[in-house]
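The structure's right below; bear with me while I get my questions together.
When the chains are written out, they are named A, B, C and D in that same order, and each has its own residue count from 1.
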Amino acid sequence: MKGLKNAEKAMVAAATAAALALTGCGRNQANSITVAGSTAFQPFAEKLADQFMARRPDVRITVQGGGSALGIQTALSGAAQIGMADLVKLPPEAAGLESITVARDGIAVIVNQGNAVSNLATDQVRAVFNGTVANWRNVGGDDRGIRVVSREAGSGTRSSFEDILGGFRLANDAIVQDSNGTIRETVANDRDAVGYLSHGLLTERVKPVSLDGVECKEEEIVAGWYKLVRPVFLLTKGAPSGAAKDFIDFVLSPEGQETIRRNGLLPAR
Amino acid sequence: MNADVKIEVRNLDVFIGNTRALRGVTIDVPARSILGIIGPAGSGKTVFLRTLNRLNDLTRGFRATGRVLLDGADILAPGADVVGIRKRVGMLFALPVPLPMSIFDNVAFGPRLAGTRSRRTLRQIVESSLKAAFLWEEVKDRLNTSSLRLSGGQQQRLCLARVLAMEPEVILLDEPCSGLDPVSTARIEEALAELKARYTIILVTNNTKQAARVACNTAFFLMGELVEVGPTSKIFISPSDPRTNDYVIGKFG
Amino acid sequence: MVVRWIAERAVKWVLIALAFSALASLLLIAVFIFKEGVPFIVRVGLKDFLLSSEWDPQAGRFGVFAMIVASLCVTFGAMIVGAPLGVAGAIFLNEFVSRRITRIVKPAIELLAGIPSVVYGFIGVVAVAPLIREHLGGPGLSLLCASLILGVMVLPTIMSVAADAISSVPNSYREGALALGATRWQSVRMVILKAARSGIVAGVILGLGRAVGETMAVIMVAGNTVQVPGSVLDPVRTLTTNIALEMGHATGLHRQALFATGVVLFVVIMILNALTMAAMKRGHAGK
Amino acid sequence: MRIPPRYAQNIAVVLLGGATALALAALVFIIAFVMVKGMPAVNLKFLVDSPREMGRSGGIFPAIVGSFILPLAAIAIALPAGVGTAVYLAEYTLENRITRVIRIGTDCLAGIPSIIFGLFGFIFFVTVLRMGWCILSGALTLAIMILPTVIRTSEEAIKAVPRSYREVSFSLGATQWETVWKVVLPNAVPGIMTGVMLSMGRSIGETAAVIFTAGAALRLPTSAFDSVRTMAVHFYLLAREGISLENAYGTAAVLIVSILLINAASYWLMHRFISRRAR
């Protein structure tokens, strides 16, 4: 009856797992915070959470991605105590939430390293991305077609990009990628591609272009010269309190802001 | 009725789907003796046997009317304790079916179901059952090896021991020697001869000579009907029905 | 005995409850998806939703026609790549190669079924798409790239199920055919493929299901442009990727539109299921 | 014109062999690609250390733990439910309308893409039931996802147990459940294990359903209500956000080796199980 014993063991294991799961219910809610939302800010939040927990061992912070809308939604439903959003204009349903600007992020327009173009006027960016200009020759480059690469509809980076540039529709045949990393890989691999991504995630694999002669650089953004900048919000339902407030205070503290700056985002003000 | 009658079957009709497998069978099975059942393939012998321990409940489309009284209680009655009946009525199948476990575990299967947990008691039961099935001497040193390693004849005796271990009152044998060589068959028959002193045994067999050798009484089934039943000598020497005569002398079947 | 009888009863009820667990999950999922999606479809109109190819959530335009076409094309493409290779591999490994090699190769192939789809997708981005772009033109991230990646991804499933089906054909069939003077190939073509047909079809169906439903790998390699593809080099967006791409950001009507996409996906999969089941039945009847 | 059989045979062998070689080449390429790019990043520290700087440096220990816990928890939930369903379908009832409905439902469930499971799990377990992103939400979602596979393979395995075993068990006075528990299930274990392995493979490689329900926390979980990150999710996030390609490939390499080890271990366990029973 060896088989019987094995089956019994499996049952016992399953029961134990279930029991463990149930005892997990007893954890302390007050000192456990979930932060969810913007994938662009997610890595920063993870870093900040680690620093915060190092000094406050009684608090557990869990950071989840999912996108800005998910940040708003879960902050509203209570699934997360703090939502993260990086949109220029918050959607109407976020009206019920407290929003605190904790950082700013520049959006860099990028091209392949082999592309001769290194500066674009705002009008040209608009024309390139909405498809009216389809050849690099028309904006000062080689005689090659332009391949537009964009983030997906609703992404914080994309909505901010579109809102700041104002009044255009993305070209119909644009390639869509759903993350900074894949946008970067796509542009890095394709000589004709143009895209945009968070300033903090620029690497030498791609080439950022200047906008109206202003480089996408930290000093220019801080000075307010560079146009494509969006805020990063932390959202809470009602005024933040308890551990959530402590965490937000930490993010806004000089130490927190320095962490944000060192890792490629810009301080809140 | 008679104290020496173990099972009384009255007007038993069995349907499987739309086929009528048994037609109005009425028969008394005497206690502590061997009833042989003979008849050609498809005559309803096996269906009859499997009705006696309600194993036909597993057959799709099975339906039975009539009464089967085991010690006076109807086992076909709606509220009958099927599991209890099967404990009292053991069965040995045509092909040996050792369960894929050790020899010991095979024999201890029934007693364990009945709630026997003590290792010592189980050992005793296993030993006595294997002895009664004439298998003990061959396997006593390897009780923990897989039953699948035994030869066909040994496997069938193991199955017999397994039935004996649950201490039934009735033992049903469904052509138990059909897959065995003459030597193994002889050993089974030897065991049966000893067992009839304590058990009511019903032996379905295709082999009329086997019935003649071991059965006290013999019944002849044909096309779902019980043609004739009586002492074995009478059935084989001077049957009252000509069909019985034709069958036992080998005109058909 | 009473205790045993009660226990027996209890077990039976527990089993009945468990047996409905799968059904209950399905219903729960269907209710959730349909509750959010169906009101949207009613509001926009089935025709506008299904037959328009314009998808612009900001402008309030929601048409999924191009995505339905893209889903079907990608799946079909993946099958063109995966099914012949998978079935050929299964035949070859079973009928033309020694048992020893098969015993090593088959588990290795099954191992590949466990590799996460995102790994396949990423390899598509960094290795396959650039090749397509350089040698065939277009953006690289395309219908072709998605079909190739998905085709390779479903290969292990198809190959392993088809191989099981072929190896379960009794040896006597093979010997019978060979004894009648057939070559190895004739015995395969005339006897073994016929006998193993339903198993092979089952493998292809499993692969098909996996290809229709795959999301993460397709997001990476398909380019995700909403358009009815004009050639295999065009980027496309499938139903699954549409949901995964935008769900994180969608609110209000947009979110409902994505659930409605889920409803369409659900229906497309049910239709594919029904068609393949019917095909299998016909296959059985023809035997 | 007919091609003579002998040539047809040769042509077929060349074509089939070519197709097989192509298929194997594609698969070997994928494994080699991951291994070559990933192995340099893998060392002991990578295996036992926690990720630092969002995974840019440090190791992947929590993700390795997550990759084992989550599929195992899912199987712990789906196995009783799936085997129970299979037992009910195969042993407790004849084919009728109810079993047909259950079967069709199971088939439909099998066809649902994982992204839909992810959405459903997110809405139902994470939001409606307020369980948050955690092992339990993820395991329940994965359990529903693998349920059809477990049911199907278990039912096949149970049906393959010879009918005579059941008859013997019944004739020895076993009840229905005793027969199932002591005779049928032990003999169906190898087949059930196949389903478990398939499910394990699918869960360990799943990202869409996991990321929405179990989340992607980088820490070691301490209870079933903690979020975990699996290796597949870790790879996805690292590669997608372009955080660190080296570590992404390293993670994929570890994942492939883990799957290899799990497969090998299960073959070994199964072999042991079968040989012990047949001893």
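Note that a residue touches a chain if its C-beta (ideal position, glycine included) is under 8 Å from a C-beta of that chain, and two chains touch if they have at least 3 such contacts.
As the structure is a prediction and not an experimental result, all values here were calculated from the model.
Peer 1: Pick the pair with more C-beta contacts: A-D or B-D?
Peer 2: By number of C-beta pairs in contact, A-D is the larger.
Peer 1: Determine the chain that sits nearest the middle of the structure, using the mean of its CA atoms as its centre.
Peer 2: Given all protein C-alpha atoms shown, the central chain works out to be D.
Peer 1: Please flag the chain sitting at the greatest distance from chain D, going by CA centroids.
Peer 2: Greatest centre separation from chain D goes to chain B.
Peer 1: Quick one: chain A and chain C, Cα centre-to-centre, how many Å?
Peer 2: 32
Peer 1: CA centre of chain B versus CA centre of chain D: separation in Å?
Peer 2: Computed from C-alpha means, the inter-chain centre distance equals 47 Å.
Peer 1: I'd like the Å distance between the centres of chain A and chain B, where a centre is the mean of that chain's Cα atoms.
Peer 2: Taking the mean C-alpha position of each chain, the two centres sit 77 Å apart.
Peer 1: Where in chain D do residues touch at least two different other chains?
Peer 2: 80, 175, 182, 187, 239-240, 277
Peer 1: For chain B, write out the residues touching at least two other chains, lowest number first.
Peer 2: Expected reply: 83-84, 101.
Peer 1: What are the residue numbers in chain C that touch two or more other chains?
Peer 2: 4, 220, 244, 247
Peer 1: Any idea which chain C residues touch chain A in the complex?
Peer 2: The touching residues are 56-59, 125-126, 129-130, 133, 139-141, 219-220, 223-227, 235, 237, 244-252, 254-255.
Peer 1: In the complex of these two chains, what residues of chain A are touching chain D?
Peer 2: 1-4, 6-7, 10-11, 13-14, 17-18, 20-21, 23-25, 27, 34, 36, 39, 43, 46-47, 62-66, 74, 77-79, 178-182, 184-185, 201, 203
Peer 1: Quick check: in the complex, which residue numbers of chain B touch chain D?
Peer 2: It comes out as residues 53, 55, 58, 60, 83-84, 86-87, 90-91, 93, 95, 97, 99-102, 109-110, 113-114, 144-146, 148, 159, 162-163, 166.
Peer 1: Given the complex with chain C, which residues does chain A contribute to the contact?
Peer 2: For chain A paired with chain C, touching residues are 39, 65-70, 72-73, 91, 93, 147, 152-156, 159, 162, 169, 172-178, 182, 185-186, 189-190, 193.
Peer 1: Considering the complex alone, what residue numbers of chain D touch chain B?
Peer 2: Chain D residues touching chain B: 94, 162, 164-175, 178, 182-183, 187, 277-279.
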